[in-house]
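Next up, some structures in structure tokens.
In what follows, chain A forms one complex with chain B and a second complex with chain C.
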Partner chain A sequence: MSWLAAHREVVLALVIALMVAAIGAYAPAFVEGTSLLGVLDDTALLFMLALGQMVVILTRGIDLSMAANLALTGMLVALVGQHGPDLPALAYIILAILIGLGFGLFNGVLIGGLGIPPIVVTLGTLSIFRGMIVVIGGGDQVNASEMGRTFQAFPHKALLGLSSVFWIALAVAILMQLFLSRTRTGRGIYAVGGNPTAARYCGLVLERYQVLVYAIAGGIAGLSGYLWVARYGVAYSEIASGFELTIIASCVIGGVSIGGGVGTVPGTLLGALFIGVIVNALPTMQVSPFWQMAISGAAILAAVIINARAEAHPDKLILPEARRAAAGARG
Partner chain B sequence: MPDSPRYTVADRPPFRLADLLLRWESILVVLLALVFAVNAWATPWFLDIYNLADATYNFSEKAIIALAMALLILTREIDLSVAAIVALAALGVGAAGALGQPTPVLVLTGLGIGLLCGLCNGVLVTRFGVHSIVITIGTMSLYRGIAQVSLGDQALTAFPQPFLDLQQTYFLADPPTPLSFVLFLALAVVFGTVLHLTATGRRLFAIGANPVAARFSGIRVDRIRFLLFTVSGLMAGLAGVLLTARIGVVRPNIALGWELDVVTMVILGGVAISGGIGSIPGVVLAVLVLGFATFGLTLLNVPGIVINVLLGCLLIGSIALPILIRRAMRRRRST
Partner chain C sequence: MAPVLSLSHISKGFPGVQALDDVSLTLERGSVTALIGENGAGKSTIVKILTGIYTPDAGTVNVEGRDRRFATPKDAWAAGIAAIHQETVMFDELSVQENIFMGHMPGGRLIDRTAIRDRTKELLARIDADFAPETPLKRLSVAQKHMVEIARALSHEAAVIIMDEPTASLSRHEIGELFSLVDQLRDEGRAILFISHKFDEIFRVSDRWVCLRDGRKVGEGLTAEVTEPELVRLMVGRPIDQVFPKRDVAIGEVVLEVDGLSNATEFADLSFTLRRGEILGLYGLVGAGRSEAMQCVFGLSQPTRGRIVMEGRPLAPRAPGDAIDAGISYVPEDRQEQGVVLPLGIRANITLASLARHARGWFLSSSSELDATRALGDRLAVKAASWEQPVMELSGGNQQKVVIAKWLATQPRVIILDEPTKGIDIGSKAAVHAFIGELVADGLAVVLISSELPEVMGLADRILVMHEGRIVARFARDAWSAEAIVAAATGAVAADRAA
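Right after this comes the complex of A and B.
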């Protein structure tokens, strides 16, 4: 079992490969090149969002407002596309990141600055962001025909058979990996999540990192908001509704510990891919899409149980002496 | 010894009026009075006894779940699967109704499914030592998924009339009182008594304040957690029965998103998400504040999603304001 914990990503990758093979045996159309690339394309937004959520969970937080932030930013950018001049795609991207970042900062300041628990703040902003879409948009939806040409064209541009959404997600993943493993701040995120008290003695202030991680999550949610709206060609109040829990599920399946300080970029990406494969495979296998939720629920529980089995053993012993003795006996 | 200094060892801190007034419950009472005053001023239909009675329909089911959720959050746990349990229980009730079963069977089916789901949560949380937020996100998807798989895009609508009468006629005619509201109040008394007047209640506070210390003091932390998740499932099952009887139709998306409404009620009720602080009267007051504020805004034709914005602001504001006030007071004291 400890091998499982040490090689979590490998195990998860194997499980996904087995799953794809099994689905392919049943429905050969699923494993054709274009179809598999389609899965990557379709999961690209979840890749990015799960990475944003991971950074938050690393600091022992949670961001329930990501999907609402995505929807609100998407609506705002769509309104700019509708009423403003035809801007280049890059302008929309930067605008979306900045708007999302602003909403994320709002979360971060309430959490880091005022010390309100993350679940309370993001539960509140979840309602606020969702509602603001209706307040700002007047309850109307913005359709593809109204958004402007460059606004919509960009996410569909393809390179090597994959849309630009996937390449952006890949860039985000690489940047995130470099940030978390190669920079002082990135290592600090793991430190404050792993042990806030010890980190404080090293001069790392949890509250500052909280402002940072919610801003990162917000920026990613904003970017995804533009890409989502442009890809699916519609902005309204209910887009990505309930998606916040899919994002968290990706992290949990990918081995990110809700207790903070544990989680990797590859693991999270695989967790998201796992859900992406299920979502895309069910229609090709002609299974009712209603199964998707039940399967991802079972997958979350399985992942949690495997992780817990591998990790929880020492914690079962309450007395520190007994724990030391057990560690001594094992070592 | 004539002049020996006499120590007074007080059993409780001295009574101060300021403490009573600054209690969270007092703030909620003021808030509730404000909600009533503003609504009564804004619309002539608010203070109608039948309107008020009907308003309680809309929050009593959630409020019943909130009572159990309060105990969970008080002990540092959370159950995000409650809305999915409501859906699964409603599905069971609907299926039993489709089979032509009588009302008692329908009610017991709903309660039984709720209990089972709660037991399942309890086993998973205590057995694997993973935080309940993760476990219950998993079981939430699982339960809701089972409901979706078994029902698809169908709806169950066959119910015996006595079952529908449970929630579609008043339990008491004068004053008009729905069954769900009566149950909520009765359960609030039960939960309040257990939490505030029994040793078990004190144990819950001890676990919330420090689970490890509680375990060292001989409290069976895991057993109590297990019980709390079971109770939470049972309450969700009860809410499922009441909801089904009220609306008379079961779809897989029934009670979607309720978990967050319920958590909002509990947090606004002053239960600390970090555990160890909270009261049932606070939760009851928060339920009434949220319920009647929503009802008043609906009477004023404010769209539901805009009401959500206001409730979100209320949630964050009510937690942020005391923190800001405390900071300001501390700053004044230190200068």
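Right after this comes the complex of A and C.
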């Protein structure tokens, strides 16, 4: 088990490869190049969202409001697209990031500033965000034809067979990797999550990091909101409903510890890919839609159980004989 | 009369430490026995053996004529031994009656609420408690919670009741009430083991005393036949046999000056100066407010009054970051809780408090981090497979070295060491002592918070003694004695010997 814990990403990558091979044997169409690229494209939004969630979980938090933030920001930018002039795609992207960031900041201030538990705050804002969509949109939906040309065209632009959404997700992943592994703030996120008390002695204040991470998660949710609405050509109140659980599942499968302080960008991406493969494979395998949810749920549960076993902390070495044995093993 | 409980030739060792060595002790019905000794003398190990938390390596525990072996706390309860702890361990959200009967609810599968309430009422009446069985525990004072614990002990018909510093957080009035209750329990024929640091309490409440020192029994007798100075001498009267590095460090200019530092509940009127190359010992009993006071100097809490001057400049740290920037480090007492970040690697832990030194623009330079890690890791002889190894895989001694390395990496001029040798073996202790000597030789100033008298006396240039949040005595190196220091720490006398 210790090898498994140390090489979690490798194991997960192997499991995904085996899964793809097995599905290919059953439904050869699934492993054709364009189809596999389609999986990456389709999972791109989940990649980004899972990375945002990971940063939150690293600080021992949770953001249940990401999918609702996505839907609300999506609706807001869709309304801008509908009523405003035809702006360049970059303007929509920046606008969506700022709106989402604002909502995330709201979470962060309640959690870090007022000390309310993350699960309570984000469960509350989940409902608020969903409710606001109906209020703002007047209960109607915004359709593709109403959104404006550049608004809608951007997510469908392709480069090397992959859509712009995928390339944006890749950019987010690279930035996140640099941020977490190479900056002081990134190191601080691991420290406040790994041991808030020890971090405080080092001058790192958990509350400030909380404000930051929920803002990051919010910004990513907002960005995803624009891309989601523009890609699927519709904005309404139930977009991405329940998707927060898929996002959290990606993190957990990818080895992010709910206890905080443990998690990597590659692991989380693989966790999201695991879910993406299952979700895309089941329809090509002619599995009935009724079974699809149950099967993907079972697969997620299986992955989480395997991971939880790998993560289980070793017992403390209190018995003298056990200590000697461990010392001997370490050399 | 046969003793209700006897411990014979009990020994208990931990790696590197012999916590108890051939200790025998008897408790008799209708008698209060005081167990005394310095911090680390083995008192709490005895309590843990009697309550089934530890099993002894050798020796027997005999209760009412039968040899017993307690594998779990439940076995100890069943044998009629109940303990009342310094900090109560109970369920705050539950009611008094549920707390008393937790684990032995009357009735079958369904809880018999009427029976519980009636029995609780009866128990509370026996000890004159004036709260209702349904009261939520969180609404009771510490003294009332002690009464709940006593009621719980009575509900088991416990023949032996252990009280581990029960007065630590009680007011004078509450202490008086507790003592009448102790008298009542004695008159009912129960045997009581009373653990306290305070001599007035020992003389007020006990019939017999047993004194431990370094895990051995060094004396016992009747309380009526002993005096306080005799007990103090027994508690500390060891030759200071550990070897401390003989240092010859020139003491320089004043680095840190603390004047009248106070906070509302933990410490008051703390004043001292610290010079370059000096080790200032801060001695006192556990809970005397030493850590709290120094944490305030480090910016972890805010004083209500007083001022701090660091290297001639006033310092009002709002958070540890301010103190670190001013050149103060604090190596905390609890290694796992306050020191290391277990999932992170050695490098990330060592550089955590000094990351600004390794920043190059937006990014951290891993080569700069590695250089610092290697330099300090080698100097402290950290044993690890690689500098990226997660700290959770290291032994306790190596984790402690990582914590010290982290604080040295901030290049402090003042370093506060809070119980730096707590829970480590003799060999590692000697290494830490030698290292403290090196630090001052390098021109640092050290505040050494320690509950180990030989350590403070061996290392410090001056000793301040704290008792109940105040400095009650100051000693210079040539003007101290173990007896005087302990007497001051236990509140027996207030001394001031020009330091």
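Everything that follows uses one rule, which is that the second predicted complex is superposed on the first by the 297 of 331 C-alpha atoms of A that agree within 3 Å, B and C clash if a C-alpha of one lies under 4 Å from a C-alpha of the other, contacts with A are read in each partner's own complex, and residues count from 1 in each chain.
Definition applied: a contact is a pair of C-beta atoms (placed from the backbone, for glycine too) under 8 Å apart; a residue touches a chain by one contact, two chains touch by 3 or more.
As the structure is a computational prediction, the values presented were derived from the model and not from experiment.
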item	value
Partner chain(s) touched by A:296 [first = chain B, second = chain C, both, neither]	first
Chain touching more of chain A, residue-wise (chain B, chain C)	B
First, second, both or neither for A:21, with chain B first and chain C second	neither
Partner chain(s) touched by A:195 [first = chain B, second = chain C, both, neither]	second
Touching partner for A:184 - first (chain B), second (chain C), both, neither	second
Partner chain(s) touched by A:203 [first = chain B, second = chain C, both, neither]	second
Chain B versus chain C as contact partner of A:62, first or second or both or neither	first
Contact footprint of chain A on chain C as seen in their complex	14-15, 298, 300, 319-322, 324, 330, 332, 337-344, 348, 352-353, 355-356, 359, 362-364, 385, 392, 395, 406
Residues of chain A that touch chain C when the two form their complex	178, 182-184, 187-188, 190-191, 194-195, 197-205, 257, 261-262, 313, 320, 323, 327, 330
Of all residues in chain A, those that touch chain B in their complex	62, 64, 110, 114-117, 119-121, 123-128, 130-135, 139, 237, 242, 245, 248-249, 252, 258-259, 288, 290-298, 300-301, 304-305, 307-309, 312, 315-316, 318
Chain B residues within the chain A interface of the complex	78, 124, 128-131, 133-135, 137-146, 148-149, 152, 212, 215-216, 252, 256-257, 260, 263-264, 267, 273-274, 303, 305-313, 315-316, 319-320, 323-324
